[in-house]
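One chain, chain A, appears in both complexes that follow, with chain B as partner in the first and chain C in the second.
What follows is the complex of A and B.
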């Protein structure tokens, strides 16, 4: 931090400067580790006060509840790192979630082999989700439409598309091989938690260890400079929206598998807000050029834990929303204050 | 159309010709609206009947109000995601307060909307948090507060006073919500086109730092804009409560995005600095009219579009408009 940066906030002079520095250090510490501190204190509070909190079931329940948010939020982190936003994730979840049962229930075309049907049900919806993501990226890069407007198109239309697939009917099913992704366990760990972990690791690796990761950050930091240095900025963006779409598709299928049913009107509603909130609380600035992957995971965990804590202690879900709101404001305020030091 | 630098039309012809591609895009919205009305009038019986027109205007008055508030926020380069939740909260507050008289009901609803707007404004200007995040948070908070206040169910309004008249009665042949829209949009137009604060709003949208250096009261103006958006949401909430006889804590989900779509269809860029009150109204009416046309088409029995097609068609509409806008504005935005 140069003297120029601190000048406006301090009145100069030795002792004043030092006192401010102590305050600044605290602020920066809170900005960096505040979310972690909240997480730790929430855990501690629950361990002490919430009955039956320290139990394998509590852990897996919370992890299964947060898994889909984390999966979607990984895509959102990448999108936000490029300076964009993806409002369509919830609708894409609904599309993928509506398609999968249609395929293995033979509602589209009769598929002779049962295994083939399930295999297609696990892959074709992801292709559709990828197509949705590609469409978002296409609008944004080809026509230079702002991401919030471009993804608003699918946000509005996507759920309707999913409902027309299913005639707005609730599709119930019982298909253990497909539902493995939502209800299965591997060594006692729910499959969607394993999926979540894999997605998080892959995203972390992508951002930290690959050239594409650097390119994402470069495009989000300064698109023009990135283009001038030879990065295919439009290509990077399109790929990121495709990734966000596919991850939303995975989440949509997991939700449907858990519920034994696909309800196009409900799958993934408000998911875009949960994902964006996780990203914001996790310390990724919405202006782009940064991607704090593990921060997003922490952000999603904190928001989940707040909800669990309040519910477990008899606070209604509606009040949890207000607390969540305050938490988002506080986290973002602290981080941006720490940023400006 | 308003722009920060009003360029005086040089000739009489110039006065009627669009001065920029964006103005052309706005003209397009109005033309599309007229074309759709003409299409409906020729194709369906009763489409231009008084009953249909009045119920269409009444139903869309809430969206038009929310869109007006959103238009001003977007002109400053911000966004207000809380409008739908604020309207829901206002409808609950209005329903609860209506037991103390119709004035109390109106006041309660408006203050709930203003309170959300105030928090938005303070968080955005005081804590310097991006509008997207700030209003996302207040959206959650307003949604939660509405559910808490209402006890997770709709709250019926008092029926022994005049509160329900707002949503039911006509004044000089027009439903009262429609009059409210007329006044709000006239006030909005006056503010944007004729008052200094209008220039200030556009200047902030063009560049907040520059506006600050020019000595404009940026913070005060932004606070005012978010208050106005909250007030519009509050008004929509009062109308919602009065016309549906209940405060609806779960209504309003997605209103913010409909409002943003109306503003965008009305040719206002989300980057701020330009905007038009009239085209926003045209945008809101256009999106509403798509619904009405589908309903009438279903009524004819040729095709049967289920309700799930409505969002698809609305999405396609938004798509067509933004792609068209991008094409028209592309040349201008690429060469600053």
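What follows is the complex of A and C.
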């Protein structure tokens, strides 16, 4: 960003040049704060037109619904920052979401203690998700397969694996101690919202304050240069895909917990696209080298708000998809224009 | 040289195709079924990722086993293309009759026509094919299934009998454009009398998670709604989660109504969380094989063999929950 800040303002100022500069400044402003503007205008629209929008419930409702998307999108932001992409997140959600109930319902092996069962149900699926992420990273770094192809493997196979675990059957359950992650409250705040906040803070800290954060951006910006300057580029990438896998695993377990049921065919479907959309609308370039963590959060909020706005005002779901697409196009167009200044 | 032979092959293949098409156009009636002691029957299932489909498959398998028939079972796993291929492989295996649960209205027409051309009668289960492209009695024997319009109507009538003084209703529709969603909406909406209004109606895609999210958003926009009508059990269960998250008591603050009548939903009626649910009967086995026997005897089969659906409300749910699928 700093390179952009200094570039155009020092050129000589003829009248034509100045007019261009004004346009450029607007573009740059929109590129940077466009998402925020859209968010603000959506809020304003809702306050004026949507019935019962100004209520405490609206906030909790939207926060709980957006939580899983944000959690997954944090991993996606990191992956995209390294110049990759992770299409497997939805399937990894299905795997973690299918495993957890299998464990506490004693379907795999009988576990003597109930507390132990729930504890294992909360941890083992994350381990499986981490393994999925590691596998993605392994394919990408060891065999130099392009990320979109490498993660396509688990995108396709992952859901099949989840369905094999559950024999393609819907598993229903009632297990309050496990479902705490999706239905519980701490000091009046839904647990999944707390999880989301923690994940966002941790990601933001990782990118801004740690050496690993700098390494991620360096690898995404110019992998060869990063390698030559002594960064273990392959190691960084593998770690990031593991993180993305684990975050998807958390999201999968939350979805399952909220719904009292795990449907391997449905959990996390289209989540990869929601997460990528949030990243794109949030202003992170898909070419890598940048990570706009808070932008991604804002992007997810915008997409969420669009959906509830249209729903609450009686616009059919199909139209919501079109609006979503239009927003993505606008965001990407603005960024590419702002980039060329 | 190879050019010529390929062309000759194409011409020959074209001629064969033309002959077989004109031959199949020759008989206007659907192929006959001879009376035998035992049959080899095909059942082309569309998918099996939900309790309803599993119950349907089991019912077909059980009935075939009871009669001592051989059942060739395929699962298209949600793909119309695979289902067409499944039917073709059944034709190749020389089954006597095919039960087909068509995934979609148009894409399965070639499968129906191929069976007809091969002289194998087809009976459609639970979903129909496009009536302008294939006709009962001509291209296939009949369609066996529930009356989705009537299911919606029964829900509306029960509501108006049991909840006096009007209601504000949130409707969770099924997958946009699917026949159960269209018909369940039509039956319900048209049976509503004055004072019973649908304040919001949106698609929840027949899925629990989507149904929950849509219900949450609609409840927020319409806090005065006191009834949620879901087109299937999954969305009804999602709506219950949404109500509980919003601090409302399902069954007291808001009545939940559903269609399908799986075990989980009937248990929810017992627990007071769902007010009433119309069954969409998945037990096709007895009726399917009975219709086949009638056809073999040469009886005239009506174009639509209707399944009878049960109705569960607090009066009978406790006794019926064990027999729900």
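What we mean here is this: the second predicted complex is superposed on the first by the 328 of 341 C-alpha atoms of A that agree within 3 Å, B and C clash if a C-alpha of one lies under 4 Å from a C-alpha of the other, contacts with A are read in each partner's own complex, and residues count from 1 in each chain.
Keep this in mind: contacts are C-beta pairs under 8 Å (C-beta built on N, C-alpha and C of every residue); 3 or more make two chains touch, one makes a residue touch a chain.
Not measured: the values here are computed from a predicted model.
Because the two structures share chain A, they can be overlaid on it, and in that overlay chain B clashes with chain C. Residue contacts after overlaying the shared chain place A:154 against chain B, while chain C stays out of touching range.
By the touch criterion stated above, A:325 is placed in contact with chain B alone, chain C being left untouched. Contacts of A:240 after superposition on the shared chain: neither chain B nor chain C is touched. In the superposition on chain A, A:144 makes contact with chain B only, while chain C stays out of contact range.
Look at A:50: by the touch rule set out above, it reaches chain C but stays clear of chain B. Taking chain B and chain C in turn and counting the residues of chain A each one touches, the greater count comes from B. When both complexes are overlaid on chain A, the residue A:168 reaches chain B and chain C alike.
After overlaying the two complexes on the shared chain, residue contacts for A:251 are found with neither chain B nor chain C. Within the superposed three-chain model, A:316 lies in touch with chain B and with chain C [touch as defined at top].
In the superposition on chain A, the residues of chain A contacted by chain B and by chain C overlap at 163, 168, 264, 316-318. Those residues of chain A that touch chain C in the shared complex are 50-53, 55, 57-58, 61, 64-65, 163, 168-170, 172, 183, 255, 258-261, 263-267, 307-308, 311-314, 316-318. Note for the complex: chain A touches chain B at residues 85, 87, 139, 143-146, 148-150, 152-161, 163-164, 167-168, 264, 269-270, 273, 276-277, 280, 286-287, 316-322, 324-326, 328-329, 332-333, 336. In the complex of the two chains, the chain C residues touching chain A come out as 48-51, 54, 176, 200, 202-203, 205, 207-209, 212-214, 216-218, 220-223, 237-238, 241, 244-246, 264. On chain B, the positions that touch chain A within their shared complex are 79, 123, 127-130, 132-134, 136-141, 143-148, 152, 253, 257-258, 260-261, 264, 270-271, 306-316, 318-319, 322-323, 326-327, 330, 333-334.
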